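All remarks here apply to the structure that follows.
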Amino acid sequence: MTERFCQTDVLAVPRFANIATFMRAAQSPISPGLDIAIAGVPFDLGTAFRIGSRFGPAAVREQSRHVRLIHSVLKISPFDLCRIADVGDAPVRSFSIPDSLALIESFFRSITDIGAAPLAIGGDHTITLPILRAIVRGGPVALVHIDAHSDTLDKIQNERLCNGTPFRRAVEEGLLDPKRCVQVGIRETLFASDDHDWAKASGITMIFMDEFNTRPLSDVVAQIRTIVGRSDAYLSLDIDSLDPSFAPGTGAVEPGGFTVREVQQLLIGLLGIRFIGADLPEVSPLYDEGGRTARVAASLAFDQLCLLAYGRPKGRAEVGT
Amino acid sequence: MTERFCQTDVLAVPRFANIATFMRAAQSPISPGLDIAIAGVPFDLGTAFRIGSRFGPAAVREQSRHVRLIHSVLKISPFDLCRIADVGDAPVRSFSIPDSLALIESFFRSITDIGAAPLAIGGDHTITLPILRAIVRGGPVALVHIDAHSDTLDKIQNERLCNGTPFRRAVEEGLLDPKRCVQVGIRETLFASDDHDWAKASGITMIFMDEFNTRPLSDVVAQIRTIVGRSDAYLSLDIDSLDPSFAPGTGAVEPGGFTVREVQQLLIGLLGIRFIGADLPEVSPLYDEGGRTARVAASLAFDQLCLLAYGRPKGRAEVGT
Amino acid sequence: MTERFCQTDVLAVPRFANIATFMRAAQSPISPGLDIAIAGVPFDLGTAFRIGSRFGPAAVREQSRHVRLIHSVLKISPFDLCRIADVGDAPVRSFSIPDSLALIESFFRSITDIGAAPLAIGGDHTITLPILRAIVRGGPVALVHIDAHSDTLDKIQNERLCNGTPFRRAVEEGLLDPKRCVQVGIRETLFASDDHDWAKASGITMIFMDEFNTRPLSDVVAQIRTIVGRSDAYLSLDIDSLDPSFAPGTGAVEPGGFTVREVQQLLIGLLGIRFIGADLPEVSPLYDEGGRTARVAASLAFDQLCLLAYGRPKGRAEVGT
Amino acid sequence: MTERFCQTDVLAVPRFANIATFMRAAQSPISPGLDIAIAGVPFDLGTAFRIGSRFGPAAVREQSRHVRLIHSVLKISPFDLCRIADVGDAPVRSFSIPDSLALIESFFRSITDIGAAPLAIGGDHTITLPILRAIVRGGPVALVHIDAHSDTLDKIQNERLCNGTPFRRAVEEGLLDPKRCVQVGIRETLFASDDHDWAKASGITMIFMDEFNTRPLSDVVAQIRTIVGRSDAYLSLDIDSLDPSFAPGTGAVEPGGFTVREVQQLLIGLLGIRFIGADLPEVSPLYDEGGRTARVAASLAFDQLCLLAYGRPKGRAEVGT
Amino acid sequence: MTERFCQTDVLAVPRFANIATFMRAAQSPISPGLDIAIAGVPFDLGTAFRIGSRFGPAAVREQSRHVRLIHSVLKISPFDLCRIADVGDAPVRSFSIPDSLALIESFFRSITDIGAAPLAIGGDHTITLPILRAIVRGGPVALVHIDAHSDTLDKIQNERLCNGTPFRRAVEEGLLDPKRCVQVGIRETLFASDDHDWAKASGITMIFMDEFNTRPLSDVVAQIRTIVGRSDAYLSLDIDSLDPSFAPGTGAVEPGGFTVREVQQLLIGLLGIRFIGADLPEVSPLYDEGGRTARVAASLAFDQLCLLAYGRPKGRAEVGT
Amino acid sequence: MTERFCQTDVLAVPRFANIATFMRAAQSPISPGLDIAIAGVPFDLGTAFRIGSRFGPAAVREQSRHVRLIHSVLKISPFDLCRIADVGDAPVRSFSIPDSLALIESFFRSITDIGAAPLAIGGDHTITLPILRAIVRGGPVALVHIDAHSDTLDKIQNERLCNGTPFRRAVEEGLLDPKRCVQVGIRETLFASDDHDWAKASGITMIFMDEFNTRPLSDVVAQIRTIVGRSDAYLSLDIDSLDPSFAPGTGAVEPGGFTVREVQQLLIGLLGIRFIGADLPEVSPLYDEGGRTARVAASLAFDQLCLLAYGRPKGRAEVGT
């Protein structure tokens, strides 16, 4: 592994120094040899109410100065397993949803083209759609979706491409196989009594927070693993799945969410699933308190990075460390 | 149901738009036909230490823009069950406790006079006393009181009408039947060793946080339902019952409180109790962080609204929706 | 004058109480008899960088609780001179610039239709364009524009309808007469060396902050009055004309701006100009500090209200106070 | 001078260490030998709208860690001139205006009884009344009053003892000679057109901000000195005299106020007036930004301390430094 | 017990009044007769990344105004059991680690010399080392260490005396017996795979958060008590053991920590252990939100005070209450 | 000029996107061909009281997203005149003043070695000393120093290398010629009456704020230019020269400072002086409000960049624009 893909030495260099990248990964353009590309997606035009997640990638980069090198529980050291870089932000436009989605899709397509898996930091949840369009190539994939919201509405204010609809669009477009999709933590109050009808009818498994309260966490993990099976899968972790006390910095806060420890345990439970990509959307620094939400996002994104790194054996072989 | 009592259409109208009312309910004066009147009570002169809950109603109105229409778990749609309006704030005076309490009592009396049930957003906890004086008409009622504090002191600094005393006064005045009163979540450090003696002697059931830690939540719910029975009851939910990590914006913060999920489950467990009114006091925006506490209060007030709406069958019949 | 158009009595009713309206004006739909309609315009999709002024109207309403009844220097009491109401927010859409601009234009057209003058609280500066489209009826009008930015670019990221372009569009559409337009306080760093060429060529008078530093304020006032003359005129006061120390809560902060006292003196100097409408855009609460910017905006909007009220003799006559 | 009255050595001891007192003065009970007693007055029940200045003394103590020993311009070293101590807070009650005012008066009477001059840190502006009642002994004194508000209303919501009335009460009670009273910086919008009539009729000189804008500062200083003459005088400096950009942490913010440099120059200009006491009210930390207002208050209180110390020659003689 | 060591009467005196001390204890120099000395240690030069805990003692003093007199669960009233005082801050230097550590050690030595037990409020975790050097006199003691980090590295950036190393140094210096040391709550991501090797090899018992998630809390308490046995023991409670949602105001935030209720239950479970001293380091107000972390720290420090007071029978005997 | 040294196109790329560099300059290692190297210096161990400016460079980078390309008044486009890059942060150590100063000096020496001029963003004011040690090569240079503090003490708490002493050290070491040094804006209260004696005796010209209040700004500019003459000069602009209302985010706040407009005018007045380097220290984000101080710093640093770029004709020639 060349020095270029190494993380800054966190004991020798003070963590307050230098330009922040995601988890202090090396900066690199998208180029052959990368196993995992961490990218920002500063897009939030799909937000109907509390806009601002365009500032999410910058905030998560800054707070990821905290993250060290090795996972506390899994003992995985992703930078030793894989060649990982911060490839910067996907291009977007300030005024156009369709232009931005096309640019995002194209950017992630180039990541897939070089054989790397993406870890995307949002931006609002609309971004999952262009990412899936870019990276899903051999038929629909499975989904692990941790969120307060199902995001399977048909439209909001007549807009079909927004943060309330990406998973419906992705199923419609054959990118996700609803039978292998599972949503965990749903607890949103409803706009209308049929908000969840489509998702249920499609075959998506929804595990509501109310149900989660009454089941052992290990049981939920087992159910997720059964649903996903040995398929290629995508991991979408909305920061608003957490209770606002842990993650106030997000647009659509829903009191009554997961603790960080619960999400950490869920993620640990996913080790070994064949993830082809992951995202962490909806960090919105304008509503944050002292960078606290971005700090949690950085920590959970590191967990996602470990899951991605663990599942990419070729990268490990090539590195030969 | 006339359009006047309808909530703004939350999918068609952006939630950041228009003047905020409680849960986007229609504004209305107190007038016949209302089933539930949501009112602010911007009174905080009963606060010995960290004053400021006078700004609570405005903050909760603003944050209740988030709330949608249908309860996540109960699937209750209160605006379909009942005629509900935001009737504005009870009148108060800036310099006088007794004048303010008289004005508040009179305001809530007019709500009861038209046959509506009140949902009051505080203001400090003193407000429960004038509300009970206004709405209790056929003998003492039962009480479900979720709080970090018992609020049954005799006086603070010689003041008998303050936020540390309302439940003692209400029992003394025959508004509450202590045998049917239950307090959940008490965890305050004590001024003196006899702080809770009167409450215990009166027959009020106190479930301390220390005890709550060791019992299943469903067991506590069952006990509450047994104590309250089929009586008319009042529901008082102090925001400081929550741990400060969930609700920092309050005067008398007591570390070690409920999670939002616990309070949500407690409230769900109360469905079917015959509540004649409810309040949510002690939201204090000056100590809040980005409106986060007011956001939680809006969410829990919506839960209270569902409990009130469910228990008012006449309203449902008349509406005929 | 009916009670309906009166401002709440600020000495008898505590200012923290009740639902906030602009300067505690009565709420009213747009209806005949109004002289001045104060309206929120929660539109910010024209913002390329720091979005968020959609929350401006709500914040200014809340902070305008501070404003009393009579101007400190002019001794004008606008609520005694005119029938004034808070007519709520113009309708907007969360995802569409053109749909929103059409809705805003239609809303302000209805204000002009009843013979009232609008005072619009933004929202981003794009809103001036649909307002001018709605209210300019007998040929181009004059403009007093106080701002850090000229807002006469042709486009930003290919978008011709955004907050960097409204005055160029308005001149192009014949709504403004550039010879009678004056911009005061311009101090923006430039994207390109020709940023101001169009404005200068069009005949708009630009008074840069650098020039303002060296001239007596009274001299600037005299020049503005000469340029505007006795024409009908529009008054657009961008909150970012103020130095960020006075108004941090805005998107495009430019250090080195006006003091509040300077803007107050400029506004006082405009008394008697025949204003047909006014706006105060770019208040962005997400960047504010404790509502401070919204507080200043409320104060300056009251000054604008005095200028509008003073210039509407018919209203005064009819009121007969 | 005993060590007990010395300020902590600011170069040897880090200023973040130890319990904060006003300007790191020694703590002392009120006892003979003191020349100047700095006292907190945590009373804010006289506040009709934005309460919270009860927390002012604690915040100013904390921020006065910044202040060093010698005035930047005057080169006065008050701790070398006089025996100065932080005598703690005046006693107050949480629920009663009259009880609190009586306790405050008694506390300051004991300061006068030992021959010391008080410097009082508020608390709301009501406190000036009991202080004057305590310390004015040989007939009415002169007043230099720097404020955004005249505070000479008769009552607010029927309350005659509140922060809008102290100077009216003090004149009525013969504590102040209105002919030798001057108010500088008044800029409040008015509740009613006669708000200032009583003050003007009484003979108090009011210098409005609008007038201040057009006069040299030195001219204003000269006028103040002429009005006060060689009388004993009291100095009341309301923190809201400053523009909110300098002092956001106060209840009744009025945009368009003094800069800090202007108030510093005004205070320097008062050197030599025979001040018998001074106060600095209305610091309200709940509205402050990072202690910034309390920091300014600490700085200006140090300036007041220099003025008091300079005018107390006996202390100087005894010290014999 | 003389009045001097009494806590301010919290019902009679408003808690916002007077100069703040730790839990409103009397201020006192270190002098014979004290049973417990509460001291601030404003040292943070041992912090590699997010410095600022030098401001911790001041913040905890301020927030400890909230604490009342008697423990909610244990019903212990420490001020009745022991003579307790706030002895001020240990002296430190702004620029030198060794000079500061020597001064701290000397300060705590004087506390031990008079027979009192210290309760130290940090300051960063380096402070535990000089405290142990001062108070451990008859051979190594046991340790209960609640923390997100093991703090047993050899050095950071070549510095052997910093907040990542104190427990390694203390074991090396014979101050702690590693076999009787237990660390609870460790969850840090690792700098290197051998970060914990020394601690494990030394015999220190480490209970990781991952393990804690799967065990009953009572079981963990029992294990701690077995490890500590009847030895003299020291109690070190790092505020970052709490999840950042409860305690954001600290330097090295690690998402996924204890709830306050868990730490409260752990502390209650330690009643009866023979603690010779205790500390609560790493409160860093610059990262706090409205004093919330300092509030929690004050509450937990009161719990520590109860444990210390309960275990000092001589003090109890002498007091004779 | 290769694309590598170009600034991101600010109209085409949203300014919220991508990793922030100083003024969106290209990132580059220190390498031949650079004319101006912008560097962060995250060192704050020279701070006796309110530490935290180690986070300054990151904050200024983030806020410099705002800055566009061409100076508002001077019309200088520095990126067209010179090859400019963000060269990252100087290396520092978390625990050692001397090690850090040596590393900083070495880093800036490499900048001078390639013939580039440095623009350094602090970090505390200590950093000026190692920078001067690195870049002053042909005898002492002149100094323009804008600051609230003289920073010419001999030591603080026995430390001779801290932020209160750099200019004394630099004169002692023959790096600065005191006769050609001018300090503007000094207004600090004094630790001792002789604080400024050394500076005055050395021949440094000190222009105090009190004097500045009474002189035309243009007159001060002329005096500065006379003192500096045609020498090589260094420009040190302490952010605390500004009033805290403009720049609250700094350690040693001194109420009563410059407005931003004054400093902007001072800087414009310096055009043509032969600056060999410049710095902007003491931005301390932990005390900032929403990045506001860092925003001002970014703006003033851009002004400094224009001054540096204008004075480097060789760079201009080579570029061949």
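Letters are used for the chains, namely A, B, C, D, E and F, taken in the order the chains are written, and counting of residues starts over at 1 for each.
To be clear about the criterion, a contact is a pair of C-beta atoms (placed from the backbone, for glycine too) under 8 Å apart; a residue touches a chain by one contact, two chains touch by 3 or more.
None of the values given here were measured: they were computed from a predicted structure.
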Mutual neighbours - chains that touch chain C and chain E alike: A, B, D, F
Chain pair, A-F or A-E, that carries the greater number of C-beta contacts: A-E
Chain located farthest away, centre of chain B as origin (C-alpha): F
Distance from the mean Cα position of chain C to that of chain A, given in whole angstrom: 42
Chain C: positions in contact with at least two other chains: 14, 16, 48-49, 54, 93-94, 156-157, 243, 245, 287, 289
Touching pairs among all chains present in the structure: A-B, A-C, A-E, A-F, B-C, B-D, B-E, C-D, C-F, D-E, D-F, E-F
Sites on chain F touched by chain D in the complex: 48-50, 156-157, 187-193, 208-210, 213, 243-245, 248, 252-256, 287-289
Chain A partner contacts - residues on chain C that touch it in the complex: 44-49, 51-52, 54, 93-97, 156-159, 162, 286-287
Chain B contact footprint on chain E (complex, rising order): 10-12, 14-16, 65-73, 75, 77, 243, 245-246, 259-261, 264-265, 289-290, 292, 295-296, 299-300, 302
Footprint of chain C on chain B - complex, ascending: 13-14, 16-21, 27, 40, 42, 54-55, 57-58, 61-62, 86, 88-89, 91-94
